[in-house]
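This is the structure I have questions about; it appears just below.
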Amino acid sequence: MSGYSVPQSQVGRPTAWWGMTILIASEATLFGTFIGTYYYLRFKTPTWPPGGIPEPKLVVPLVMLAVLVSTTVPMRLAATAARTGRLAATRLLIAVALVVQSGYFAYEVHDFSDQLHRFDITRNAYSSIYYTLLGADHAHVLLGVLFNLWLLGKLARGFTRYRIHAVQAIAWYWLAVNVLTIAVIGTLLSARA
Amino acid sequence: MSLRRLEILQWVGLLLGALVWTGQHVVGYGVTEAACSPGGTHWGIRTDTWEAVLMAAAAGCVLAAGLAAVTVVVRTREESYESPPPTGRVRFLAIAAITANLIFLVIILLDGLGSIFNVACRQG
Amino acid sequence: MNAPREDRRCLAFLVLAVVPLAGCGGSQNALAPESHQARDIATLFWWMMGGAWVGLGLVVGLLLWSWKRRNRRGFGRDVEGDKPGEKRSWYAVVVLGIVMPIAVISTLFVVSDLFVIKTTQAPASTTTKLTVQVIGHQWWWEVRYPGTTAVTANELHIPARTPVRVEVKTADVIHSFWVPELNRKIDTIPGRSNVVELDADQVGRYRGQCAEFCGLQHAHMAMYVFVDEPSAFRRWLAQQEKPVEAPSSALAERGARLFLDGPCSSCHAIRGTDADGYVGPDLTHVASRATLGALTVSNTPDDLRQWILHSQQAKPGNQMPDFNASGARLDALVAFLEGLK
Amino acid sequence: MAIATPPTPAAAERMERLEQIWESRPGILGWLTTTDHKRIGLLYFWTTLALFGAGGAEALLIRTQLAQPNQHVVSPQTFDELFSMHGITMIFFFIIPMTTGAFGNYLLPLLLGARDMAFPRMNALSYWIFLASAIFIYTSLFIGKAPNAGWFNYVPLASKQFNPGHNIDFYCLGIIFNSIASTLTAGQFIVTIFKSRAPGMSLNRMPLFCFAMLAASFGLLFALPALSADTTFLFLDRNVGTHFFDASHGGSALLWQHLFWIFGHPEVYILIVPAFGIATSIIPAFTQRRLVAFPLVAVAELLVVFVGFGVWAHHMYAVGMTTISMIFFAAATAMVVIPSTIQVFAWCMSFITGFARFKTPLLFIAGFIFMFVTGGLTGIMFVAIPFDQQVTDTYFIVAHFHYIIFGAAVFPIFGGMYYWFPKVTGKLYFERPGQISFWIIFVGTNLLFFPMHIVGLLGMTRRVSTYPSGLGWTAYNLAETIGGFVTLAGILLLLGNLFVSYFRGPPAGPDPWHGPTLEWTTSSPPPEYDFAVIPRVTSAYANWDPVDREADRLNLADGLLMLEHGHEQPTVTPVDGRLAEIAQMPHESPWPPVLALALALVFTMLLIGLYGVAGIMGLVCLLALAGWHSQEPPE
């Protein structure tokens, strides 16, 4: 008997959600400065992309973006499933999301190295910020994939309040990464305007 | 006025001003950087019209936010900012919002004044 | 230097400034303006300093008042929330802390950033009569006069009472062209050319210094701006345009051959000979300059000799290696260089 | 009457169990694996004090070199490394970690009425990463390859072409390494302030120290990424061959300055705001009066950091931006002063309308107000763009920011050391030597920094390793050097006084000053579990509410609200402080030092250039993180 009347339903967000919000705020600011740098460098040179570099392709990146953003659905469903205690559904949804995300990541790594052959990162300022921005985004997708792998490992041993909060926090992380990816791809494709 | 509406007005008063000033600052500075740099002169951006529109819009929003904060403070004048939550906290943050919006308003007005009455794209 | 004006100005300081700005005899003094831009800035400073002393006086007054009221009874009384003098204090905070500063600082903003800046910002290209290019190198200034072949180093001659457009660029890192008595500073940024206007009222010599940290010898990267009467300036410029004549004496002749065959010509240029190095300053009229090494040493034969032998001692880390010449060869070289008027 | 003495045997038995649960392991292992916010605060305090000594030594060497014209006390190469390391040490390794790490960690849970931070193990991790980054950057000084392009490290001087050695790589990696620690601390404080308050403590009943720490944390969280991006770009430019800052390939040297100062100016407000927090804790105690205009001061502390994000380019007025671009920053610089003037007059009115007792802490705060107003007034002068273009990069600016940093950040730190000395050590300090140390430091700093205003206006530029005679600078530089050594004497007297008081000072009870906030309700030094009973809070000055304190004593007697079934701590809703849940807190874990060591290896490999090995070390870090999270709190 601690002397406190603790409310039954969850009031406010779990501290895990707050910790993830801090990480997302820091990473979003980092991407903000990267995107700000992109536009600052763009204003410096009349022709953009400069130095005979081909304009970024339109269709394929948008399709891949749609694929990645679609994984938000299973992740959100997994979060609600975890909150309502349905273990099997949570595991399945996270596994599905993981497969799609890993596929996305594999293709992006291949596409990244393929582009590197066409114009190297050391060509000029455009190539520098292009690959740094895209590489940073892929790194965060990789981190999300690792989060999901770790989650599946944990959920293999059943539910605890800690793991339910973890699923919600990582679903929130994936939502943020998808929004960031939309911003990054949007910035890179703005070179076509 | 119900507590729920007071609380909404308080959050509007506190956060709208900050958001609007940030937007006016980033877009206003971005316009001056874009219009005058080698990469952007061909777009033909008239900075003073942009800045005037930005100032008017931003000042309007900040005034609205300030008004919201003032109504909350007026409606809770029989409470003190030290009374128990939520009314005490609402009054406390509304008083804070009034100060914040006043400062944002002055910045926005000085921004507009300065960027309109100076020669566009002259290296300072 | 124009001594009488200087003394009167020093006296003015002592009266105005509570703290004596002693030692204002130096010639790099932002509060001894010699152009209308520098004067506007100095006047702005005196108004702001007056306001600052008033503000500080007000706060110190409040602190002293509280010192006088220290140790009053009532200390230790458990304060349940009755805040003595709260109403009055709120008025003081709002009036002194919000209303008054907003009014004062907004006025300062309008005066300085809408009016004074019109004189100190870069001039419109139509209003200036002469253009000078100044290029910052690691740790010296290259000075060029567009439209003529005149190139000199660390010394800038401009005609009095005429607006001069100075375009500053850099050959390596960021420097900052700053002559305090004439106008505000302007940085030299790679890849772009910045502009500042110099419009001196008085004939005289004004000292300036690089104001942006640029490496080992940032401290020894100063320059002189000589303001001459327009006629004297035109004579100077004509002399600077002339390529070098043949050396006068046999000793100077041997020195010239030493210079051209030796390592000197790979770094330095002398117009009229085939020495065209651009790492170091142009030496066509080096003898006409007041100092060597960007005001590191004065330009006398002995200093020139020491500079050639041990430049790394006077300015360690600069790009010119010590030159191990002995007696006769060194005398020939110095004789040749002294001839380059 | 403080709560330290247990009134009933039942309560004593429960406190014994609490003591037993929260007890940390003895010896070095206990310190290595500690997650107790008080121990981490002390670790931060001792490390930052040592680094303050290093920064001070660098400053005195600089002053000795500049005492007379054309001196050769140190070579230009050493001088460049000295002033760069002085700037980096004082800002990144002394003031930020001292105010947030030492004061913030030690005091925040005590002021909030909590038992520990929201993430105790992350708190330990931030200390060990901070320590590793300090060692990382100071090895550069010992092997003679310290950063030598100033604390703001402008490009192209810092690019590979003009700085081929490892000096600038030490700078880039050391700064990123340190920012990880600062970001973790900032995130920690934000979540702790919002989630781990005593139930009932809504935002309008939170002490002002917590508002200051919240403002500093938001500042750090949103400013450091700009610096990390900047130093990442520079590291890539130097070692991979990208062209972010290379003008000949489309890059821009100004890009470095913009990104640096987007971090730089919020940073200097982050230096100041915790000092405001310390001042607003000391003033009510020694004037026995609740601070004047509480909500205005609270919003002022948050506003100064928020508006501070919009002023960055006033450091770049001389780079040739267009006038209309500079206007935006001049306008924001004009209004960023208002929060400071609000606070200055709130403090002064508290002095006057309260019952001021000028003991040492309040003397330091009075000195702080004087120095801060002097520095602030010269700061207002930079609203005028033409004047700033005349004095930027001269000693006038050096005078301005030293008045602000030394006068307005270090004075409250010294005041805070005296004020909380009884609480941390349980001993009272000697008052007489304390006051003497204040006056020596006050005279020393003014003698050291005021002549810089004059010599700056006489045209002496920053960072010159020497200067010619005959320009009227010599007398002032000599006076500054003397002032430097007088300040050193004052600081040594201060430290000596505290050191002797630690051994021979009279015992201080739980509340020697009749202080306003919760840390004075528990014993000195506070037990491991901070509060035997989670305190009841109805105002921002909880120790001055006798009704609540009486309620605490009754709770203790009845054994209520003691949460003695494990490392329990209440978490609340962020704004109104209503109880959300009783959280189980992790306690003592070896993972923080392990992860910090792995990170240190990552940065060392990056420095050496073994990028493959750095990648492997990165994987080791991820494994350490997984291991860290394998230990879950009991259900």
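Per-chain numbering from 1; labels A, B, C and D assigned in written order.
Rule of thumb we're sticking to: a residue touches a chain if its C-beta (ideal position, glycine included) is under 8 Å from a C-beta of that chain, and two chains touch if they have at least 3 such contacts.
Everything quoted here is computed from the prediction, not taken from an experiment.
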item	value
Chain whose averaged C-alpha position falls nearest the assembly-wide average	D
Mean-CA-position distance for subunit C and subunit B (Å)	41
CA centroid of subunit C to CA centroid of subunit D, Å	37
CA centroid of subunit B to CA centroid of subunit D, Å	30
Whole-Å gap separating subunit A and subunit C, where each centre is the average of the chain's CA atoms	51
Multi-partner residues of subunit B (at least 2 other chains)	33, 82, 99, 106, 110, 114, 118-119, 122-124
Contacts with two or more other chains, residues of subunit A listed in rising order	40, 44-45
Contacts with 2+ other chains: residues of subunit C	81, 98, 102, 106, 109, 113, 117, 121-122, 194-195
Interchain contacts, given as pairs of chains that touch	A-B, A-D, B-C, B-D, C-D
Complex interface listing, subunit B residues touching subunit A	30, 33-34, 37-40, 42
Interface residues, subunit C side, partner subunit D - complex	19, 21-31, 37-38, 40-41, 44-45, 48, 51-52, 55-56, 59-60, 62-63, 65-67, 69-81, 83-86, 88-90, 92-94, 96-98, 101-102, 105-106, 108-109, 111-113, 116-117, 119-122, 138, 172-174, 176, 178, 180, 184-187, 189-192, 194-195, 207, 209-219, 222, 295, 316-317
Sites on subunit A touched by subunit B in the complex	39-40, 42-46, 48
Touching residues on subunit D, where the partner in the complex is subunit B	202-205, 294-296, 298-300, 302-303, 306-307, 310, 317, 320-332, 334-335, 338-339, 342, 385, 538-540, 575-578
Subunit C-touching residues of subunit D, taken from the complex the two chains share	75-77, 80, 149-150, 154, 156-157, 162, 247-248, 252-254, 288-290, 292-293, 296, 318-320, 323, 326-327, 330-331, 334-335, 337-338, 341-346, 348-358, 366, 369-370, 373-374, 377-378, 380-381, 383-387, 389-394, 450, 454, 457-468, 470-476, 514, 539, 541, 544-546
